[in-house]
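Each structure below appears as structure tokens.
One chain, chain A, links the two complexes that follow: it is found with chain B in the first and with chain C in the second.
For the complex of A and B:
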């Protein structure tokens, strides 16, 4: 199918979509008029039923925990898929590294301002990531957000150093183990509740005092496991992409040779 | 406010969601570069965020976090928020998978133009 025909087909289809969509909009309750009652029920019950003050995390890791398990495995599978596609293969074309077109010009070294700011951010980022993961049941946060924050730490190190320092602080094997522990742990947490004679992924840990960090039972446990998986998975992705595509360029110091 | 303007505002978030969806789809259909195509797919997905948030929103309601507001305060639907936040993280990794596929396609077929990717080899 050529370009013109495809665009024409799209325009016809788009017009049909537009008609049905506008027609469908008339049946909707309209923006700002949420009909309920599912969300309202959860909002009024989370604090009493699960001792969690963040209804969003409670939905994620408890009320709809089974859905999140599915999402987790989408994440797991796509990280594994990307990792598999980017691995070194036997029949890879042996390419010479791209020629440096301007050998006399060197990459300026990372400025001291970026370096100092970046390194000063590393520890706060780790602490903030751990805080976000562990307080997900109380305030906005949880495993998904905290995991992403944690995984940004190696990136900051890459930004203010070079690939070697990134390689130094990350470990492919360890990140894969972390990711697998997170994903497997989530599924096993569900199986444990079956052992207690409850339904899959039922909250089986004592709920604790509302407002405490160690409260809301399995919500906290699953949040931590999700944090492990997301952080591990994202670091695995970064490592695979760096290994695939990084062109090593000389920095100012190396091209001048040892002094 | 006139009747028509009120009706329009009532629909505005859903119309913007539809606009994002169609614009992204148009980008996919006419794309000449795989990376561009993947970015267009992300735009399509963004429309679902807007649609979900629009469905769950309640005028004048608070965020569904009851750490500092009493239980019973009107709050927006937490289910759509939960869907969205998992979606954002999962989307990022799926995008990484697609980009890895694009790298492989470039290595196998020697092109990143979807038009040129006609050869199927086992």
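For the complex of A and C:
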């Protein structure tokens, strides 16, 4: 197909898209004018029904908990898929020691400013991640957000050190176990509701005092489990990517270039 | 507030287009990082701080890192083929 035919095809398709787009825009509610009753109902009910002050987390982990279970397994499946694709294959050998640079190039050492700032950030990041997970029902945040914050900790260590320090603080097996515990725990939390004679994923833990950390029942439990799953999953993903691009080399490949 | 919202939307649009039109993957990743941070700012301005949290880490750190590592791997393959 030559350039002209492609352009013609694009113009026809583009015109069609434009027509449908304008038509679709016409049916949208005005900017900043929320029409439906669902959000207003949730906003006025979460504090009384679930003792949670963050309506978003209450929707994610309680009212729509089943949808989030699906999302969590999407994440689980994609991490497992990436892990499978990036696995060590038969003709791969491990390079030892993995150097994080090209052989023919002298990389300036990481500056002291970056190292000090990075190392000073490690603990605050862990604390902030745990805070975000455990206060999901009170303030913006929750399992997913806290999980990704926690998972950024090894990256900071990589930034102020090298691959070896990253490898030192992470464990593939532990991260996988954490991820599996989080994903499986979520599904099991739903089954426990059934054991109490309730519907799947119904809140079965006492709701507690609004505003307390230990409040809003299963929302906190599911938030913690999601945090485990997300943090574990992301670390597994990063480990596979790092290993594949820095450590594994094909046996017939010359070990040259950035490693 | 409306000025801020319109401004960040415009900015995200411009930077997004710039990322698409950058042809060199390495330069594109750096643009993508900036785009990720802008998206986080946009979520924050549109009162979705929880989405902004995850966007900062996913969009500005993890995604560019994966692309960078993939580029490094590809470069090794390319060099060994020569």
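The criterion applied here is as follows: the second predicted complex is superposed on the first by the 220 of 259 C-alpha atoms of A that agree within 3 Å, B and C clash if a C-alpha of one lies under 4 Å from a C-alpha of the other, contacts with A are read in each partner's own complex, and residues count from 1 in each chain.
Convention: a contact is a pair of C-beta atoms (placed from the backbone, for glycine too) under 8 Å apart; a residue touches a chain by one contact, two chains touch by 3 or more.
What you are looking at is a predicted structure, and each value in this text was computed from that prediction instead of being measured.
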Task = State whether A:242 touches chain B only (first), chain C only (second), both chains, or neither.
result = second
Query = Should A:16 be classified as contacting the first partner (chain B), the second (chain C), both, or neither?
reply = neither
Ask   = After lining up the shared chain so the two structures overlap, which partner does A:109 touch, if you call chain B first and chain C second: first, second, both or neither?
value = neither
Message = Let me test your reading of the model: by the given contact rule, A:132 touches which partner, first (chain B), second (chain C), both or neither?
response = second
Ask   = Regarding the shared-chain residue A:74, is it in contact with chain B (first), chain C (second), both, or neither?
value = first
Key: Partner chain in contact with A:145 - chain B first, chain C second, else both or neither   = both
Inquiry  = Taking the superposition on A as described, I'd like to know which of chain B and chain C A:234 touches: first, second, both or neither.
reply    = both
Request  = Have a look at where A:6 lands relative to chain B and chain C in the superposition and call it first, second, both or neither.
outcome  = first
Request  = Check whether chain B or chain C contacts more residues of chain A in the superposed model.
outcome  = B
Query = Touching A:206, do we find chain B (first), chain C (second), both, or neither?
reply = neither
Query = Which residues would you name on chain A as touching chain B in one complex and chain C in the other?
reply = 54, 56-57, 140, 142, 144-145, 148, 234, 237, 241, 244-245
Ask   = In the complex formed with chain A, which residues of chain B make contact?
value = 9-15, 18, 22, 25-26, 29-30, 54-59, 61, 63-67, 71-72, 75-82, 85-90, 92-94, 96-97, 99-101, 103-104, 107, 115
Request  = Enumerate the contact residues on chain A facing chain C in the complex.
outcome  = 54, 56-57, 132, 140-142, 144-145, 148-149, 151-152, 155, 234, 237-238, 241-242, 244-246, 249-250, 253-254, 256-259
Request  = Mind listing the chain C positions that touch chain A in their complex?
outcome  = 49-50, 53-54, 57-58, 61-62, 65-66, 69-70, 72-73, 75-80
Key: chain B partner contacts - residues on chain A that touch it in the complex   = 3, 6-7, 10, 14, 17-18, 21, 25, 28, 30-34, 36, 38-40, 42-44, 46-48, 53-60, 64, 68, 71, 74-75, 78-79, 81-82, 85-86, 92-93, 138-140, 142, 144-145, 147-148, 211, 230, 233-234, 237, 240-241, 244-245
